[in-house]
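To keep things simple, chains are lettered A, B, C and D as they appear, and every chain counts its residues starting from 1.
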Amino acid sequence: MQKQDSKPRIIALLSGPDRPGLVAKVAGWIYERGGNVFHADQHQDGQAGIFFQRVEWDSANDPKTEAAEFAAFANNELGMTTEVALSSDRPRVAIFVSKIEHCFHDTILRFKANELPGEIATVVSNHETLGNVTKQYGLPFHHVPVSAATKAEAEKRQIEIVKEAKADLVVMARYMQVLSDDFLKDVGCPVINIHHSFLPAFAGGKPYHQAYNRGVKIIGATAHYATADLDEGPIIAQDVSRVTHRHGPQDLVRRGKDLEKNVFAQAIRWHLEHRILVYNNKTVVFD
Amino acid sequence: MQKQDSKPRIIALLSGPDRPGLVAKVAGWIYERGGNVFHADQHQDGQAGIFFQRVEWDSANDPKTEAAEFAAFANNELGMTTEVALSSDRPRVAIFVSKIEHCFHDTILRFKANELPGEIATVVSNHETLGNVTKQYGLPFHHVPVSAATKAEAEKRQIEIVKEAKADLVVMARYMQVLSDDFLKDVGCPVINIHHSFLPAFAGGKPYHQAYNRGVKIIGATAHYATADLDEGPIIAQDVSRVTHRHGPQDLVRRGKDLEKNVFAQAIRWHLEHRILVYNNKTVVFD
Amino acid sequence: MQKQDSKPRIIALLSGPDRPGLVAKVAGWIYERGGNVFHADQHQDGQAGIFFQRVEWDSANDPKTEAAEFAAFANNELGMTTEVALSSDRPRVAIFVSKIEHCFHDTILRFKANELPGEIATVVSNHETLGNVTKQYGLPFHHVPVSAATKAEAEKRQIEIVKEAKADLVVMARYMQVLSDDFLKDVGCPVINIHHSFLPAFAGGKPYHQAYNRGVKIIGATAHYATADLDEGPIIAQDVSRVTHRHGPQDLVRRGKDLEKNVFAQAIRWHLEHRILVYNNKTVVFD
Amino acid sequence: MQKQDSKPRIIALLSGPDRPGLVAKVAGWIYERGGNVFHADQHQDGQAGIFFQRVEWDSANDPKTEAAEFAAFANNELGMTTEVALSSDRPRVAIFVSKIEHCFHDTILRFKANELPGEIATVVSNHETLGNVTKQYGLPFHHVPVSAATKAEAEKRQIEIVKEAKADLVVMARYMQVLSDDFLKDVGCPVINIHHSFLPAFAGGKPYHQAYNRGVKIIGATAHYATADLDEGPIIAQDVSRVTHRHGPQDLVRRGKDLEKNVFAQAIRWHLEHRILVYNNKTVVFD
């Protein structure tokens, strides 16, 4: 999955009504124009009658032009919804955070270590707590306080910041505010959230306390795309950890942090690598 | 955890209001009478103010008498709810099953291979399907048909069978009927159920289909004590397995079977080894 | 992954020197002849310069003829080593077993429950222990005693049995004899073994005792193709389980059994579903 | 497992020849002096004839004095090797690091977030790379270059630094030098190392490349106490992650980092919470 080539690869994500010959037509188009498929994976949901494909290839031509022409071909001739990208793209990510900082640090350090293929565009918080450390990391920090009375106003300001920062993705690194339906519609890019439970179990607040009270023997974390229905968006990644009667709520919180960091990073990586397609409130992840 | 001694060990499970000196008093009582503690584990729920202990020891005296005297001591002098057993006891287990047979075979083979410390007392089914193979295993089989109209009658008959078989435990090996509150009250022994989801997610019917529709990335199975609230009883053991968008409902069913077998066996083992204490609809498992 | 169609699908496994256009040519060949790709997955080992593909499709023509023609095409025109099969094939499996019976029962019950797509052709054992229960399962049983002196002779007899049974695969269900290089050459079909450790750790005998002595915190099981180098063959599947200082060697043995059963079944399933390609003593598994 | 009391708890770790009455004597001593056991766990290695115990209690008396008196009692009257500590102790930790920085950042951030009960005493590196960021964290940094010719000298300097920093523990956060037998003897405190494989598989250098070449389906990480035999010390914690044929060596490296961080932190936590006893090159971990 590594690529150190000087020339960028083209990555396309297609989805649409399934019909015979799609794989052949996509592969044929690429081959006839001198391209070389490096990776291709597809999936059919037989019940829903939908075809999904991710294809990654080296083109003999200018990658940017070729990508645009492929998109036109896939849209017009195959009837597919198509997203194309270059492996050299560096998507820009806006981090939303409150005071809880483990996902915040972990995400930033992964970007800095080139574990995540993109750039941090900006950091937005409803508290000032993490302002100084954000600046130490050399990143812009925007403090946008949020209260019930000012929420609509605050979200407008957040959207401005995201757009000025040219962010392609918003990630909620344990951001403790619910984003409104309007925000999600207007922000113009996907939003990934990390929920600190194994959804759909323990949606809502204080999930580790809920888990403790129910006496489960395994806890989890779930990364999902944010939707208007809180904690109901398409699930991208989940992980779990065993617990026993000895673990109190605070132990679950602590152990959950490790899950949250890894699951959140996994979801961000998959998104930035153009591996995720969403349909019927579910995800296809071409891992 | 193995014991090949000719002389049985005594195993006690205690629970009750926490207060200083309980560990010392239990250990002291055993030591003064020439016993040797082989294993001891305890737990305090600080919030609830409850003390739990499992202690396993070799007694210098007749184990049966000593066990009874310990129970009297723990009840009367320590104010503890106490259950005592000998490692040589072979608890008797009634298996309830319908037509789905993976947990049925797995459980029986584990008893036959001495992986589970007890005896199968009887097999009860609402279908005749598994009658012949039960007899091939050399086990008694009781067919008790259940319909909405006959359920109360059928449960009475089931209770008679359990009691005649002198069963100490009922295990529902994917038994597809809900046991009524009356059954649970009158059967006179604990009932362990295996639910084919990671509870509390996907309680109720067709949990693998629910999981498929929600698009989760991990499925699970849960063994719990049956209570009047369906799928709400104290959780004993859980296990999980990763799935992807490629897995349809039938794949989840197939993969779930492996989870169900292992989780069910784990719960039965822990129960038969006297490792489980129940309180506040949760379990303490002294593993 | 389920298929209930009356018409069988064609499944092809290809491998060979990588070059541009392989995906397009395979997909094009199928499409031009009216086939519909149901599933396709491929992999390139960039360093080794090898291309691997599994493709599964519905053909408009007679599947058997079409499969043969595809094989000719892939061999002659693409230069690929090719294996073709129909989804309706029921590969025949010979089970080798000694006295340890958990993998034996588990494998047979999975075949009987249609969890594994094939037929048990025969059971071969160096002991008589499992003869009666094999017959109860309605399966042929061959007792072939093996001693140092008679090993060569015994292996000849085993090969005869495998060939008479028309087995396509031999699986060693904790068969406690090493199969000689000659056996593996002459038996004419692949052999899958289950090793009771997380290879390459603890190769050789008594791996759970080795694991106990080394004080590892996780134990494992490994299914691999048998090769002349004992425990060194290509790994197909592995699974692990956590252990603590409380687990003695016998506990590791018991817990390992669950791993062995599941890992062994997983490897057999993948093989029978034509999902595995072997190269450089490793496996590509198109799961 | 949390304690917010103003008065510190006493924690004792005992080990020595097993004999009847040890549990009773320890519990009795504490109870007679007005102490209240908060947590106690013990283990017997029957084969080796060794008794292990961890006991944590609130004392009615001055904790420091009581701890010293308990140590004298356990040593002299019970013949146990005993280590006592107070829950208020803040053990001091020296971090050794080279250039690879994920464990370095992760460990420091966990200490800063109070996830690990202790203080970072100093950072020692054979490279200058992480000097600035160490100072940004507000921590002392010592650059001690190491070459084959200067190793003995360098280790003397390292020991001076550890002792001046009054460190109670050295942790090798992917420190890429082997510490000599002399260093381990003279440094005067335990040393925890993180090895980037599932030991004993793939000891030595480049373990992820070894794992890739062997074609394993699961990779791991192992935290252990450093001993003169490289990668052979007592294992404290291990964790694993599934991989497929799609993962190249660099993918294994990346995925392994998450394992290394969590396993390393787990081992450090257990050590700092006085949960680990070492014997026969193995660990007892009272989790």
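Just a few scattered comments:
The definition used in the following text is that contacts are C-beta pairs under 8 Å (C-beta built on N, C-alpha and C of every residue); 3 or more make two chains touch, one makes a residue touch a chain.
Quick caveat: nothing in here was measured; it's all calculated off a predicted structure.
At the interface between chain C and chain D, over half of the residue numbers appear on both sides, which makes the contact a same-residue one.
More inter-chain C-beta contacts link the pair B-D than the other of B-D and A-D. Chain centres here are means of the Cα atoms, and by that rule the chain farthest away from chain A is B.
Superposition on CA atoms relates chain A and chain C by a rotation of 180 degrees, given as a multiple of 5. Here the spacing of chain A and chain D, counted between their Cα centres, is 36 Å.
The distance from the centre of chain C to the centre of chain D, with each centre set as the mean of the Cα atoms, comes to 42 Å.
Under the contact definition stated at the top, the residues of chain D that touch 2 or more other chains are 246, 248, 287. Chain A meets chain B in the complex at residues 43, 46, 198-202, 214-218, 220, 234-240, 244-246, 248, 280-285, 287. Looking at the complex, you find that chain A touches chain D at residues 1-2, 101-102, 105, 109, 113, 115, 136, 246-248, 250-251, 254, 257-258, 262, 265, 287. On chain C, the positions that touch chain A within their shared complex are 20-21, 23-25, 27-28, 30-32, 34-42, 44, 242.
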